[in-house]
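Some structures are shown below for you to check.
What follows is chain A paired twice: with chain B in the first complex and chain C in the second.
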Partner chain A sequence: MELLLQILISGFIIGAIYALGAAGLTIIFGVSGILNLAHGAIVVLAALVAWYCALQLHMGIYWGGLAGVAAAVVTTYVLYALVVLPLSRSRQMAADELPVFLFVATLLFALILQGLLEWFFGSTPVATPALIDGVIHIGGNTVPLNSVLIGVVAWMVLGGLWLFISFTRLGKAMLAASMSPRGLAIIGYDIGRIHLLVWGLYGLLAGIAGVLLASFIGASSGVAINLTATAFTIVILGGLGNVLGSLAAAYILGFLGTLTAFLIAPSLREIPGLCLLIIILYLRPQGLFGRH
Partner chain B sequence: MNIAYAYWRTGLALLALIVTACLPAVTSSYYLLGVLTTAFYLAVYAMSWDLLFGYAGEVNFGPTFLIGLSAYAAGLCNTFLGWPVWVCIPIGTAAAMLGGLALVGPALRLKGPYFGLVTLVAVLLLGHAITIFSGYTGGEIGLALRDILTLSSTGNFYYALGLMAITAVVLRIVVRSPLGLILEASGQDSVATEALGFSVIKFKVLAFMLSALFSGLAGAMTVFYFGTASPGTVVVVAVTVQIIIATIIGGRRSIIGSILGAVFLVVAGEFLRPLGELSTTAVSILALLVLVFAPNGFISVFGRRGAR
Partner chain C sequence: MRSSKLNRPLLAAAALATGVYCVAGALPDARAADAIAVGVIAPKSHILGQAIFHAAELSVAQFNARGGVNGRKIELQEYNTNFSAADSARAFQRAVQSDGVVAMVGVFTSEVALSLMPWSSRLKTPLIITGAASSQIPERVHAQPERFKYVFHGYVNSAILARQGCIVAHDVFTNNPRLKKYDRAVIFSEDAAWTKPVDAAYQKCLPKAGMKVVDHIRFAPDTSDFTPIYSRIKNDHANVIMAAIAHVGVKPVVQWHQQQIPALFSGINGQAGSSKFWDATNGATEGVITGTPGLAGAPLTDKSAAFYAAYKKRFHVDEPAYDAYTTFDAMSALEDALGKAPNTSGDALVKALEQTDITGVLGRVAFHGLNDKDAHEVVFNEDPKKGQSFVGFQWQHGKQVIIWPPKLATGHVVVPSFVAAGH
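Our next item is the complex of A and B:
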């Protein structure tokens, strides 16, 4: 019973962190049709910068966390300005080949980023200090307050994202861009600025996910590719471009991974997710919650 | 492209092959021969990958799935069953072809990046499997083999050069034949190809089998060249990236391009070695620059048709 509760709590928090990262990824795909393979590397960058600023530069965990998020946003814009934009405007390849080139380019960007991170921060896993101290007791289990806070923060950000998309003018424009970019351009919106907004939002979400991840289970430059695979599994499971679907998928994957980690071995955490991804792609390529 | 130009190109390729084959007679530098041997195996991977990517239009992020399957199948047969090299290499190749068959299913159902993800996941799962069964596979450290191809670096050089030449000739014949044309058509518009009465399934299966055959052969021979099979040399995503980079910077949809790209990549890697752990990063930066600013690769410099 206690084990079950522990799995539930742990799965709840890791699911929220997964959902944060995947939400950004799925929005980017919805609006610009780009599958960003540098996702894991950007999440890890935020985690490592937060750790470095908090512990090595003694800036404290809150400023460190902010620095981590800022680093993720800046790197995302670098990726957009130096790789995505020039490739999208290139006339040297056929239009139907562009997604593949972008896919490969983001993979290269991920490797460059990972190499630089390893060179600068080393490859040993790091964990940032807790955001707050103290524990609470839930049904006989001792849960660090920090974990609770991480879950709450993740859900607040997700709630904020929902409010932004549903109720603000910019958020609605973003949603419209994912449905019909041409229609949005016709009614007078600048698509280029929408893309800028979407990539910034993505960097923000990935950065927050990275900082929370570093505080919850720690991070190292080596896990970047696994984080990318997990995020993609979630996004595809939930249906590409479907934010609510990826929320549900993040939880399915979070609990599945936590169950495996607790009941079998922590090192096998990713395997059920990967198998699930292959089965889903075979049987229901549009995702569990996809429409077409 | 006129006929005289085509002859000129074939002649140039032959001349390059002869000059390369004479290299061991001129130089006795084991280092140079070793570097080129590695480059030739990479060229075979790149050509096999380009058959799927450039011609059949399949984004296969799992060339190392096929290579790794072959490498480990051959390696395990040699280490645990003690079978000789020339039995293990066909067994490894057969394993790669089985892996290729397993990939055809999703390739027919899924498009572009989706299929790419499946293949990427296949590689990650293979990596996990190697770690889980580390009792047999040696895990991260690798599997030490009982035998190797040959001790002489000249011998290894000729094995690699031979494999590369055979692969290049076979693939060149395939892609220039009507078969290659149908393959290219099915990659660009599979519905229209079906409507013309060609079975897309049949040609895709063939493309995957050919690609698996040559990457499997090269994968098995690579482990018998190194004397060890380890994830770092035949499975990890970094190897996939090398293959993709070699193909793209050389010029996709071009056999010679893949070879040029592979040789350039390995040689550039050697020159950048003083950078230490940053050398991979430097090569990636170089590749990204080429990808963004000259997506058609070196071969487009020689005035071949670029984009479709």
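Our next item is the complex of A and C:
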């Protein structure tokens, strides 16, 4: 019973961080059709900047966290302005080749960013201070309040995202852009501005995920590729561009990984999720919740 | 004709550039004939790699300030292992074949050290390993002395580290009336070459030290979430975590602290010796106990305090990591050998290094002979007058407090508030 409870608590928190990390990625794909391989590097950037500002510049965890999120948003816009936008407007390549070029370009951006992070921050993992100190005891388990708060904050952000998409004019426009960009343009929306908004929103979500991650298990430049791989697994499993599918997939992977880590071995945490992904790609290539 | 006139300045510039290029090309050779090139190799982005570079730099600066050897100074060449055996092998070849390096010092990871040993032999260039602890390093030298005679180990091997960990555990915990209830240990090791002999030695020596080994956990170095491992440790009712970690450090310590695991964190924790570890863990290392060859300027010899002060002043860090001390002593041994050897050939340097008997910052620096079990490894002894020695410490309020050996101890073990002997 104690173990089951621990698995449930851990799975909930891990799933929430996975979901937050993958939500932005799936929105970007839904609206722009771009699979952003720089995702993990941007998440790590937010974590490392938060740590640096909080501890090295003595700004405290909350201002440090804000600085981390801001760094993620700025970097996302740099990626958009220097890589995505020029390539998207280029007449040098065929339209059907564009996604491949963008895919590779984001990978190159990720490698550059990861190299810069390693040069500046080193490769040793760092952990930001806990957002809140103390522990609570749930059914014989000692759970850090910080972990609970991280899960709650992640869900509040996801809830805010849902409210934004469902009830605001901009959010609805964003949703419409993922369904029919041409239709949206016909009724007078500037698609360029929608893309700008989506990339900013993506940077915000990736930044928050990074700050929470740094407080939960720590972060280093070396984990960027793993974070990208996990987010991709979630996005593909849930169905490309489907936000609710990503949330469900994040929890499926979160609990599957947690069960494996607790019952078999922590080092095998990722394996069942990847096996599941291969099976899903065979049986349902559009993902669990995707449409043809 | 007009064209020819126009090209004259261009030709002159090209000739000048060629001349400058030729002279510049000749310069490194001319400089190499004057200075002695020594290489230092480590992962540049890692806490323990940076300590190796810093210590080598400091040693060379002091050596050159003293006038070098016979008027020749050392020129330090830095190489990055990137934690990769392939990168390290390429760097070693480049160092010897292109940069004229006569000896290499450093290496943090055992896997890289073991992969560089054959290159040291092929290139007949001494390699003094200062950060990696695998017992296979002296074992291989002992097994094939003619082949691996160019390899020296400036740091004690993992079996000795484990043995010292057990001695500290005995003296500090089980033989201490206040802490003798801390007697249920779990062996907690990262999956790396250096920890296998540590685990084997822990299994043997912990029971002799009065501790019961209740579990043995090896984990992948890329493990992010230690919750399942700590859950197992709690279920084992272990009250001492006997660690063997160096590649990892921050994540297990931060999560131990955050999750308030009721077991003392002890054993060997390579990163914890550096003050940067306090920053990286945001103070979660408070209460962590570990052992290291050097620490906080512990006055092991009359050179310890001067090194400690110079290192802190030059690099603006509070505490050097263990491999800063071992690298500084290895560089001192090499500098001594350069003074004694008739030339800088690999064979001449090996013979001179084998004769090393100097006082370093960790104790006496001398190497075992090729026939000894720990062939070409620095002599270890709890008495610093006889060999490289070992100190046990605990992080307390952001400071490293020496808890072992008793004659150097500056304080006693403080049990963190969330740790309990019986749970």
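FYI, the second predicted complex is superposed on the first by the 292 of 292 C-alpha atoms of A that agree within 3 Å, B and C clash if a C-alpha of one lies under 4 Å from a C-alpha of the other, contacts with A are read in each partner's own complex, and residues count from 1 in each chain.
Note that in this section contacts are C-beta pairs under 8 Å (C-beta built on N, C-alpha and C of every residue); 3 or more make two chains touch, one makes a residue touch a chain.
As the structure is a computational prediction, the values presented were derived from the model and not from experiment.
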{"item": "Chain A as common anchor, with chain B and chain C clashing or fitting", "value": "fit"}
{"item": "First (chain B), second (chain C), both or neither touched by A:124", "value": "second"}
{"item": "Touched partner set for A:226, first chain B, second chain C, both or neither", "value": "both"}
{"item": "Touched partner set for A:112, first chain B, second chain C, both or neither", "value": "first"}
{"item": "Touching partner for A:256 - first (chain B), second (chain C), both, neither", "value": "neither"}
{"item": "Touching partner for A:278 - first (chain B), second (chain C), both, neither", "value": "first"}
{"item": "First (chain B), second (chain C), both or neither touched by A:44", "value": "neither"}
{"item": "Partner chain in contact with A:135 - chain B first, chain C second, else both or neither", "value": "second"}
{"item": "Gap in Å between nearest CA atoms once chain C and chain B share a frame through chain A", "value": "5"}
{"item": "Intersection of chain A interface sets (partners chain B, chain C)", "value": "118-119, 226, 267"}
{"item": "Interfacial residue positions of chain B with respect to chain A in the complex", "value": "53, 59, 61, 105-106, 109-110, 112-114, 116-118, 120-122, 124-125, 128, 131-132, 188, 237-238, 241, 244-245, 248, 277-278, 280-281, 284-285, 287-288, 291-296, 306-308"}
{"item": "Residue ranges of chain A touching chain C (in the complex, touch as defined)", "value": "3, 6, 10, 14, 55-56, 118-119, 122-130, 135, 142-144, 146-147, 217-218, 221-223, 226, 258, 261-262, 266-267, 269"}
{"item": "Residue ranges of chain C in contact with chain A within the complex", "value": "43, 45-47, 50, 83, 191, 219-220, 222-229, 231, 248-251, 254-255, 258-260, 271, 276, 279-282, 284"}
{"item": "Of all residues in chain A, those that touch chain B in their complex", "value": "35, 82-83, 86-87, 90, 92-94, 96-97, 99-101, 103-105, 107-109, 111-112, 115-116, 118-119, 225-226, 229, 232-233, 236, 267-268, 270-271, 274-275, 277-278, 281-282, 285"}
